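Right, one structure below, let's go through it.
Chain nomenclature is as follows: A, B, C, D, E and F, assigned in order of appearance, with residue numbering initiated at 1 for each chain independently.
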Amino acid sequence: MSSIRVRQIWQQGGAVVNGWLAIPSPFAAELMGRAGFDSLVIDMQHGVQDYASLVPILQALDACPVTAMVRVPWNEPGIIGKCLDAGAKGIICPMVNSAAEAEALVQSCRYPPRGSRSFGPIRAGMGRPTYWKEANDEVIVMPMIETAQAVANIEAICAVPGIDAFYVGPADLALSLGCPPKGDADDPKVLAAFDTVLAAAKRAGIQVGLHNATPEGALRQIARGFTFATIANDASFLSARAIEVTGAMRKGLGQAAASGAARPGY
Amino acid sequence: MSSIRVRQIWQQGGAVVNGWLAIPSPFAAELMGRAGFDSLVIDMQHGVQDYASLVPILQALDACPVTAMVRVPWNEPGIIGKCLDAGAKGIICPMVNSAAEAEALVQSCRYPPRGSRSFGPIRAGMGRPTYWKEANDEVIVMPMIETAQAVANIEAICAVPGIDAFYVGPADLALSLGCPPKGDADDPKVLAAFDTVLAAAKRAGIQVGLHNATPEGALRQIARGFTFATIANDASFLSARAIEVTGAMRKGLGQAAASGAARPGY
Amino acid sequence: MSSIRVRQIWQQGGAVVNGWLAIPSPFAAELMGRAGFDSLVIDMQHGVQDYASLVPILQALDACPVTAMVRVPWNEPGIIGKCLDAGAKGIICPMVNSAAEAEALVQSCRYPPRGSRSFGPIRAGMGRPTYWKEANDEVIVMPMIETAQAVANIEAICAVPGIDAFYVGPADLALSLGCPPKGDADDPKVLAAFDTVLAAAKRAGIQVGLHNATPEGALRQIARGFTFATIANDASFLSARAIEVTGAMRKGLGQAAASGAARPGY
Amino acid sequence: MSSIRVRQIWQQGGAVVNGWLAIPSPFAAELMGRAGFDSLVIDMQHGVQDYASLVPILQALDACPVTAMVRVPWNEPGIIGKCLDAGAKGIICPMVNSAAEAEALVQSCRYPPRGSRSFGPIRAGMGRPTYWKEANDEVIVMPMIETAQAVANIEAICAVPGIDAFYVGPADLALSLGCPPKGDADDPKVLAAFDTVLAAAKRAGIQVGLHNATPEGALRQIARGFTFATIANDASFLSARAIEVTGAMRKGLGQAAASGAARPGY
Amino acid sequence: MSSIRVRQIWQQGGAVVNGWLAIPSPFAAELMGRAGFDSLVIDMQHGVQDYASLVPILQALDACPVTAMVRVPWNEPGIIGKCLDAGAKGIICPMVNSAAEAEALVQSCRYPPRGSRSFGPIRAGMGRPTYWKEANDEVIVMPMIETAQAVANIEAICAVPGIDAFYVGPADLALSLGCPPKGDADDPKVLAAFDTVLAAAKRAGIQVGLHNATPEGALRQIARGFTFATIANDASFLSARAIEVTGAMRKGLGQAAASGAARPGY
Amino acid sequence: MSSIRVRQIWQQGGAVVNGWLAIPSPFAAELMGRAGFDSLVIDMQHGVQDYASLVPILQALDACPVTAMVRVPWNEPGIIGKCLDAGAKGIICPMVNSAAEAEALVQSCRYPPRGSRSFGPIRAGMGRPTYWKEANDEVIVMPMIETAQAVANIEAICAVPGIDAFYVGPADLALSLGCPPKGDADDPKVLAAFDTVLAAAKRAGIQVGLHNATPEGALRQIARGFTFATIANDASFLSARAIEVTGAMRKGLGQAAASGAARPGY
């Protein structure tokens, strides 16, 4: 069995409970790292993260029982290589809409002969001289399926060797289908697209993950076939709890609750 | 009426709902700054904060409807001056156990003739040439009462001019009294000490604040006479919500919940 | 009328007085933010800025009466999305030389159906659940016209829907035309190119901005038709004033002025 | 002659033109470092500086023709030692009001046998194995004289061996004497205090420096006997120039100038 | 047996091999953390470290098999508390010259009733609700003995309850005794002082550590009775190896070796 | 003769001894900068570096006798321009596999008319108004030759005007040729590829550099014709020395050496 927790769960037929890091603080990250998630994704696309915050977060997560992965800002070989070298165990890549884009992603994530990842695993290979032999089997490659175009191309994308899982972005997929972006998708067009992706992926032996707003939504989608479920992110956890607390105080004090509160849970 | 929200609430006889910032991230701070608190305290003593994180947090909070204050790491004039110059509207100072220590705190917070704060309000006075005339009436000075010794000296401390409010630290007070440190105090010895402080402060026209673990605990203490109530901190909000979410997922998936989760809510 | 100050000025037929941030310090930024500019651009291309400095600067500027925008380092969707999510109200993009490059820029800046910006406005949408509906009308898109090729293609570029304004880079345009790079352009070839851009833009209802070295130069160019004028940058302001001061001191002390002083005003 | 530029100027009977760094940016610092100053002081007391910004600024100034010194936040041996180890060539220390406080400062700045500075010049001694023998003759020790009490004790302070120069803080001195804080002092009580300090220092062979608002003010005070003159700081340089520029633009555009602009020049 | 590696070694009668971190980089720290040391000390006194670099280094070391401790910049309760809360397993404190100073150090490091450490172990107690009960037995308290005065007072210092070990600073001790500071001490006066400290400590059941320049020097001193030995620091390791490498290259290329190279090994 | 040390050595027919910076610390960088290297390369591809660490390192190296260059993460005009503007004297660019990719690199590095680098040398041109005229002759452009494809295309790549030197990456080249990645290459296929590159470059008047693991390996390759030799990096220097030291201590103490130590020397 793989030493990577996410792979272990998939090998056992389970579903991964994933957390999402938008707050650029290693301290916030280790709080999340000890909260019971199987894996955590540092979100360099929409999160308030860049390489300068990524590295200390990966270092802090090395002491936590989670698989640490990265959503990169774009399908660009420079940043993908940097994240893997820094120790990310997997890459979620936004806006992979065609087989060519999926192939480019795999190229960036795999060493030769499968791909063209450049060698220099400065943190990933620390203390592991054989990392280069094992990396292609370890690193989890997850292209995002989040447009109508990607759904239309799903069979071709499934045919690209080297993909471990898809990650479905429901907000972008909804917008692309002319629906409003929702945290827990319920529009029939969006759900139909989910099913198209799930069916194609199942035939190809590829796992499928999804971003969700709530545990209830996530559990519903796991029942639909998803095997990797993110619930909101650290920023919305913090904000939601704080708003609950001030609401309870205002109610107890007989005051009106504040309006216009933060809502960062993208 | 004062332009400072915390002073306004006190002038109207109300109780301040205060948040507490331990995560060294301006982004986390602005989420808290939009969650409905009257005021926020950046905790440089036990929080993961120092001057390098303080300044961008104060800058971010300038755009939020809260009074931003600082708990300094110690009763030391250098750091107190730096926090005030950086724009803190108030100072909470730990371990003020005697009138002499309270006088030293006031000296550090007030310009002459009352005190000996050094002049140079680099952010506090930005665009306000008259800041130096108004600062002594604006800056909120809150010594912490958190030892048996401080409670014993409370009358003498109350007699030091220039104190706006006390801030009671229940965990340290409990330890000092031989009780375990609890988030929401319920030990009779600790509650008796609360009452001693509240009574003396009331006679002296001084407000009293308290750190609490939950809204329920905070509301109980406001009923006892406290007029400034902190509920836990941002780190425990994040951690608690994350643990709830993973618990709901584990329950939904029929798995055992993770144990040994984070518990940073000091 | 738009809530965005830059759009308001344009709607009223005025010219925007813009400042330029090359110093990677939120404190320097808020000094600029209180100095009377209508808007400020954080320069991630030639300024000493990256995403790590961008975010705290945007946070500090939230408390200042300016429209905060970003010049991105390149026409790349990853960084453009990150800047918009972080709260930039507009994007200035270098080296847009063709209609295809202009279209790519608009794609990166607009949500579907007009573009393909990915959804996740973590700071931009804080407290605004309807941001996604309003963003396409708010975000200011300003491709840079700064090569002979771009001037030659200006009609085709004007025909790309979704461009609010051009931003003319006089130094690169001069180099591209075989002229030396000057802060306040006066070479006839450069001025002729300005006029070509201004005329085409006017026909298309597109505003045109320009980088300048001095207020005098900027006012001359506003008279020519530009409606958005940057004057130098914060680094050259600091440097120029410091050199004036040491010059006055050397003169007063009867000493020779220092030579070889800094000249960072690019 | 000393290899330290400030000492050279004093040995030649001249006056030092000093700059002041409040902006926590090494880039801003090197602009100041190339603007013609003899020396620069990183202001850790009222500037937006701490040790985290100090070190890269000292590194950047190593390539500039200036003597780099530090104003520490307080007369505390820990931070004084850290600044000297980091490579500061001199220490300006606030609020030295008695001979005992001056002696404490000298103790912190000098190695045995004169003082008790702890050994470990990690940057100061880089490539110089003999630094420990030379440091006591090199490091410039400048207690601040900025209260009525300090002026009253000036003879006793002068008698403490190991002081190179005083640094007079006119704003704090004015407040201490019941006068408003001004950038260029002109109150007779303040000027009389200046003369008291200058006279005592001259008898003791000690140089005297002063903070000023303008070159004109600085030159007037040099004529009075000061031999080290600071003019404002980097933050006020930036702010003043920016306000001039927007003022010129508003005038040229026929608009009212913005009011309430920044005024950070403390 | 204690869960703290340093305590385990002492309980077994062994000597601790300690490394020293002066480079403010969590990446450099984790390289040291995997290099075979029993413990590492982050040097906030003479190292290029402050709280901002301390926290991510402690986070990175959580994943390494070492006991992480801190040398604080001074015997000041604010910073000592912050380091312990951040997760340091021990405190080395400079310049403890008397029993009163040793008592102050113990007060800062121990919770009541032994001491007056303030409660709030934000990282130290993460996931450990019982930390406050166990901390007094875990935290290693090591006052530095590094002056003639401290050696003269060694019996009185030994009598202060709560000291686990002394840490002897040979450079400061040498300077205090009128000897040059050496990495591996060999002056008879210094060695005699070592023996005085070792003898008193042995009678009191206190361990004694020493800073050394080389493994050879460290082994000699362990033979003398020291049970905790630091060898140089990360900065001198890096510098020494780099100078060896360039020396080998210059020799191979038939060139003169560079002189004046770095020597940061304080 | 050029003012750039690397160019001087080449003009004199010598070989450059180059160091490699993977640790994101300006302090570590200046230790390397004083260790006897001719040049240093900040590695933004595999090193733990980004723009946020690059700038203070370049500032620190301005005071050291080395030519400071950058390996960029990828052949992308945005980051190449930022590095040059920040003051890098040369660019090493990974994975240049064709003449078209080499041409793109040259375009990014040279001002018109040769290239299309955008003008704004904010640090590179500090105090040098004529920088734009001189930059094309100064900036060192070094595409990496590190795949079988690049070796096959070497003649076409050599024909692209504006290349100063190649930099051969032996690990990636080995992987691309089906060999294991080694620090000091010895596989005949790899050595044959070296010779192909060296021969073509010699005919074209282009220098060739190589990454090596040891001085012995580097000297062997200089004898083969390379004129620029890197030896490992700062991270492996630190790690190797630390492991030597703990090994010597374990041996002296009669203990087994630690296994599984760090090995970051990529």
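Just so it is clear, contacts are C-beta pairs under 8 Å (C-beta built on N, C-alpha and C of every residue); 3 or more make two chains touch, one makes a residue touch a chain.
The model shown is predicted, which means the values in this text are computed figures rather than measured ones.
K.L.:
Quick one: which chains contact chain A and chain D both?
P.N.:
B, C, E, F
K.L.:
Count of steps on the shortest touching-chain route from chain D to chain F?
P.N.:
1
K.L.:
Count of steps on the shortest touching-chain route from chain C to chain E?
P.N.:
Minimum step count, chain C to chain E: 2.
K.L.:
Could you state the distance in Å from the CA-based centre of chain D to that of chain E?
P.N.:
Chain centroid spacing, chain D to chain E, equals 34 Å.
K.L.:
Between chain B and chain F, tell me the centre distance in angstrom, where each centre is the average of that chain's C-alpha atoms.
P.N.:
Centre-to-centre distance between chain B and chain F: 52 Å.
K.L.:
So the centre of each chain is just the mean of its C-alpha atoms; given that, what is the distance between chain A and chain E in Å?
P.N.:
Centres of chain A and chain E (C-alpha means) sit 42 Å apart.
K.L.:
Using mean CA coordinates as chain centres, what's the chain A-chain C distance in Å?
P.N.:
Here the centre of chain C sits 34 Å away from the centre of chain A.
K.L.:
Multi-chain contacts only, two chains or more: what residues does chain F have there?
P.N.:
22, 24, 27, 30-31, 34, 48, 50, 52, 55, 76, 79, 123, 126-127, 235, 260-262, 264
K.L.:
Using the touch rule from the top of the page, what pairs of chains touch, sorted by label?
P.N.:
Pairs satisfying the touch definition: A-B, A-C, A-E, A-F, B-C, B-D, B-E, C-D, C-F, D-E, D-F, E-F.
K.L.:
Using the touch definition from the top, list the residues of chain E that touch chain F in their complex.
P.N.:
Contacts found on chain E: 14-15, 17, 19, 22-25, 27-28, 30-32, 34-37, 48, 215-216, 218-219, 222, 229, 231-232, 234-235, 237-243, 245-250, 252-253, 257-258, 260-262, 264.
K.L.:
Quick one: in the complex, what on chain D touches chain F?
P.N.:
26-27, 30-31, 34, 55-56, 59-60, 62-63, 123, 126-127
K.L.:
Residues of chain D touching chain E in their complex?
P.N.:
50-52, 55, 76-79, 81-82, 85-86, 111-113, 116, 118-123, 125-129, 132
K.L.:
With touch defined as at the start, can you tell me which chain A residues reach chain C in the complex?
P.N.:
22, 24, 45-48, 50, 52-53, 72-74, 76, 79, 94-95, 146-147, 169, 171-172, 175-176, 178, 180-181, 235, 260-264, 266
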